[in-house]
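These notes concern the structure reproduced below.
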Amino acid sequence: MGEAAAFYFFAALSLISALCVVNAKNPVYAVLSLVVTMFCLAALFVLLKAFFVAAVHLLVYAGAVLVLFLFVVMLLGVGAEGSATPAAGPVFRVFGTVTVAALLAELGLVLWLAADHFRSAPEATEGTLEAVGRLLFRQYLLPFEVTSVLLLVGIIGAVVLARREPA
Amino acid sequence: MIGLHHYLVLSAILFAAGVYGILSRRNVLLILLSVELMLNAANLSFIAFSRYLGDLGGQVFVFFTMVVAACEVTVGLAVAILLYRTRGSLDTDQADWLKG
Amino acid sequence: MLTLAWLVLFLPLAAAAAILAGTLRRNFLSSALACGAMTVSFLFSCAIFFQLAGRNFEAAESHVVLVSIRNFELEFGVLVDRLSAIMLLIVTGIGGGIFFYSTEYMKDDPGYSRYFAGLSLFAFSMLGIVLSTNFFQIFVFWELVGVSSYLLIGHWYQKNEAADAGKKAFITTRIGDVGFLIGILMVWSLAGGAGKETLNFGVLESLMGDGFSGGMYLTLACLAVFCGVLGKSAQFPLHVWLPDAMEGPTPVSALIHAATMVAAGVYLLARTFFLFVHSSQALFVIACTGCVTALMAALMALVQDDIKKVLAYSTLSQLGYMVMAVGLGSASAGMYHLVTHAFFKALLFLGAGSVIHAIHTQNIWEMGGLLRRLPVTGWTFLIGFLALAGIFPLSGFFSKDEILTLASMRHPVFYLAGTLTAFLTAFYMGRLFFTVFTAEPRREHHPHGEAAVIRIPLLLLAFFSAASGFFGLGHWLHTHHDAEIEWNFWVVSISLIVSLGGIAASYLVYNLRIPLPESLGVVFAPARKVLENKFYLDDFYDALVQKVQQNFAGLCDLFERWVVVEWMVNGTARVTAWSGDMLRRLQTGRIHFYALVFSAGITALVGWWVLAR
Amino acid sequence: MISLLVLFPLIGAAAVLLTARDNPAVIRRVAAWSCGASLLLALLLVFSFDRFAGGVQFEMRRPWVESLGISFHAGLDGISAVMILLHGLVSFSGALVSYSIKERVKEYFVFYLLLVASIYGVFISLDVFFLYLFYEMAVIPMYPLIGIWGSKNKEYATMKLTLFITAGAVLALVGIIAVYQMAGLKSFDLIELQRHFAVQPLPQRFQKWAFPFLVFGFGVIASLWPTHSWSPIGYAAAPSAVSMIHAGVLKKLGPYLILRLALGFMPDGARIWLPVVAALAMVNILYAGYCAMVQKDLKFIIGFSSVSHMGYILLGLACLNEAGLTGAVLLMFSHGVMAASAFSLIGFVYDQTHTRRVDELGGGLARKVPFIAVCFIMTAMASLGLPGFSNFISEILIFFGSWKVFPLFAAIGIFGVLVTSIYLLRTVKQVFYGPQTVSWEGLKDAVTVRARAPYLILIGALLVAGFFPQLLVGRIRSGVEPLVTAVRWSEETRLSSSSTVWKVYGDGGR
């Protein structure tokens, strides 16, 4: 019962905050709402017994990514931003809404059609640090190492892009 | 007991919300935020499947997704700064250099 | 014997190649090579003739296969029989004389060596025609004589007229060759139908023996082959090139455009007469063509002022006789006239050449009284003239009367036309002879003398012109395909009288200069105009080339420029550019638009995928 | 050994790359030597080719991508033996003619040698993949060669030429892949495919739609009407040596590949479609001939003339009998050599007078440049089918071959020879004969052996092949016969002639 209650609570909260993200006038609010979403998602991960991922998730998203966002938002000036970013034009809005609705309907349809497959009971797998670590450093060693290269490239890219031209 | 499809439905809605965000906002930062939302919706499905199929590979994948997302954010934000610097605004409609 | 024939064929080619390869700068060596090769060829030809006589003139041939593809072979060989043996003697004999004559005539020419290379090439080609064993080979040499004639007519290529004349000769004869080649292909098909795909004369003759009937197809084939004759032997309506060809050096005119090449058509007809005898319609067309040519050319000869042009039209007219004879059913009569004509026409041309060489003009009205100044030329010219007019007992008398007798046996129209031509011939030749040699000169000349190399060929040819009627060649050449000709006293005497009448008339008018009534000139003025304009045929052809051909070519070019290039090619390019321009507008540069299209696309794809299940 | 044909020019190209830029004499010599080496090897191969044994000789094979069945498979049959000889002659003469190139000598020769190498590659490849690869490789150097070293209108011309050829190649590629899939052998090997099709031919319906892809795709390169318009302007703009290679050899790749791939794979399709090709070839012959008649630029005249002559080659192919096919291949050789000679001679005059316009040259050049004039006249004579040059033999063979199948077309073709002689003789007259109206002080005749060599080689080759045609005909025949056998088999067993797309078979064959 407790589990179900927790799920519905966090699900609802994450949905609300997600809607805030996409609808907020002020970017700062949007970022902060996303932080809430991330917390809820982390909580859901915990419910799914993915402890390690939940922890990393919190660290990376709530701790790093979103802070970075906030920095940028602040750096580029918030006040001007709020009024200077009206939503897209009406045509885009209408088509966007229709597209999203259709997408949602499709996803729902897929889930409904495939509902039978999801009836199986959950296995007793726990995403502990040890279990995930074993997998990462055995089976996925090479991809794991490659991600470091990716990160390096990302860093360099960001530096190159954001660097002020000397002239 | 919470079924797998609960998570999947939630993931779908979050994903759709992200798409909506991308389509309806013109601020680069907000678009990037929406992308984050979509990525995390996908992450949620991964974790849920991983749990219900008993395969930890899904969690590893989420890990990789996060790396990618992190990179994407750094580069994306750098681009946003660059955009702001050159065009004086974060409005994507201003950034139409590639107009044919 | 056959080895000798091969040598006869290839010696002149070797001489031509040697001159081109090595001795272009050494004039004497060049002419020595050419004349030497020709002399040896002549001696070998004599040897061949006697060997053949020793074998009772039984035909012999040898050939190599040039190309063989499955059941299809192109042969190249030598065929020695009566016909080719006599032609060998003519070509190498008269040709040799003309070679020697040329050494004097051309001596100061800058293109001396080139000239001899051309002559040797011509001799090779002509001998090739004579010795051909099959249609393919004769076509090969047919083309080669065409090109050597082109080169020799255009020898003085820096004169526009000469260059144009060469071109005209080559292209006009090639028009005939189009038909000739088609004819060869048709004959090939016929032979295939008769049992063997071959072009060999001997095999064809045995395939198409008595009782062979090819029907309409054969007639068409014969006429197509005859097209080749039309071109090379300058028959109406393709005769226009021959008068123009007089732009070439005079010995060339004598050799190619009088004695040998133009006679090749008649030789071809005689050689392939076994085909023609099966188609009376084809023969009729041939006879008509010959008849028209003979008469028309004789008429045109009446008004020429250029000594060589008179002879050229005379050649046309005599060729018409020969072709008519073949068309009337006797190839041997045609060949007979070919042989005698070769002698006296070569003689006349060389005589004319001697005159031109001496006084450097070709206009007969600027000449006169030359008999005293150039006695050898004059007297031999007289012999040639009388032989051509057909005066007893010179050679022309026998051969021409054989043709006239034959015509009288067939249809009075041919006979009348032939006799009229005989009269005209006598008249225009008389006009030429008297004006040039006996009449009072209108201008003083100081001709330099006649060199020995000019005199000797003239004398030899004069001898043969006079005597070759007594060799019984007509009978000797007779084959079972030819019509029998019965000697007819009346025909002979009438033609003799007519010729003498022509000479007499010309004597009165041109030697004694009897004043003619003014009214005569007025009455004949329109006819004279038509004749001077060569029956307007040249103008007609010019118009055909200028208006029809050039305009059609221009039309093709316009089509190419505007339809193919501008419309199709550049049009395609423009459509591409335009569609690119249209598609460019899709690239709004606005990320929202892309995102929308992208997600709508994904949605649509997923939807399709879902609904498809 | 056979791959050396390709390697010599490639090595040459590498050597040129390594040579210092300021040493053009060495660069030219290296290029000429490497082309010469290939020519010698080609001569050696052609003359040691056993024409009685026939088939494919000097074979070699190296597997490359086994999963797709691609291997480097090289060898010569009767047809390609003659073609490498052609290419050897033309490319060597072209290298000698290129001595007159003065700008960016190094780059020029690198591209030139690459071009030469890839064309050798096409002719020796017996693997469809490599065939196509080399073929496309040949197009690449062509683009800069014309675009950089060309003359008037070069940008337009090179663009047009490259696009046309590429478009044709793409069309053909569709056909090739279709055949590959349809055969189901998982092999690109030409010999294996042909062997397979001999036992189990492609279905007729497939052949009916796939054949046009190949034949019209390669037809573009053969300048089949109406896709010919790249050719005159391309030649006019290209530097002499490139015009030589292009008109002489590259253009012959079209009929060569039609013969190799289209006829070799799809005899039924050939029987259905070739009458259409023959009809278009007629348009080629007459239309291009008449177009040539009113051109003022010498290269345009020869360009249209080559379009016209391609008509004869295609007519010969369309006959589908020994005489026609042999004639077509021999004409590919003869016309290739002749066109190369014509373009090199025009280039010689152009280099010194800087004009190619007949009216500007003013006539009478025979006195000024007798050697060039003689060569040009001989070339013209070869082109208009004078006996003694191999062009004559090949045209005669084509006429004999086509007379049985398309008597009307044969007659038109013979008439086309007349058209050819009209415009060529007119050109000769206007340029070389008559009085000289422009003095051309700087115009010098070719006197040195090196300057004369290219013309002598080319014209000599025509004469040798014309006097001893069996030298080449015997070899060609051994290559052509299997194709004819396949066609004959198709004729007898599969399809009555009434189902051809276009019934033009008359009864001229009686």
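When the chains are written out, they are named A, B, C and D in that same order, and each has its own residue count from 1.
By our rule, contacts are C-beta pairs under 8 Å (C-beta built on N, C-alpha and C of every residue); 3 or more make two chains touch, one makes a residue touch a chain.
Because the structure is predicted, anything quoted here is derived from the model rather than measured.
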Identify the chains adjacent to both chain C and chain D in the sense defined at the top. none
By mean Cα position, the chain sitting nearest the middle: D
So, what's the distance in Å between the C-alpha centres of chain C and chain A? 98
Chain A and chain B, separation of their C-alpha mean positions in angstrom: 6
Nearest whole angstrom, what separates the Cα centre of chain B from the Cα centre of chain C? 93
Distance from the mean Cα position of chain D to that of chain B, given in whole angstrom: 60
Residues in chain A with touches to at least two other chains are numbered 88, 92, 95-96, 99-100, 103
Mind pulling the residue numbers of chain C that touch at least two other chains? 592, 596, 599
Which chain B residues touch at least two other chains? 19, 23, 26
Listing of all chain pairs that touch each other, if any do: A-B, A-C, B-C, C-D
Per the touch rule, the chain B residues reaching chain C in their complex are 19, 22-23, 26, 31, 92-93, 95-100
Residue positions on chain A within touch of chain B in the complex are 3-4, 7, 11, 14-15, 18-19, 21-22, 24, 27, 30-31, 34, 37-38, 41, 44-45, 47-50, 52-53, 56-57, 60-61, 64-65, 68-69, 72-73, 75-76, 81, 84-88, 92-93, 95-97, 99-100, 103-104, 107-108, 111, 115, 118-125, 127, 131-132, 135-136, 139-140, 143, 147, 150-151, 153-155, 157-162, 164
Complex interface listing, chain C residues touching chain D: 65-70, 72, 74, 136, 139-141, 143-144, 147, 150, 154, 157-160, 163-164, 167, 170-171, 174-175, 177-178, 181-182, 185-186, 188-190, 192-193, 217, 549-550, 552-557, 559-560, 564-565, 568-569
Under the definition above, what is the set of chain D residues touching chain C in their complex? 160, 226, 228-230, 287, 290-291, 293-295, 322-323, 326, 364, 366-367, 381, 385-388, 392-393, 396-397, 399-400, 403-404, 407, 410-411, 414-415, 417-418, 421-422, 425-426, 429, 432-436, 469-470, 473, 477, 481, 508-510
Chain A residues within the chain C interface of the complex: 88, 92, 95-96, 99-100, 102-103, 106, 109-110, 113
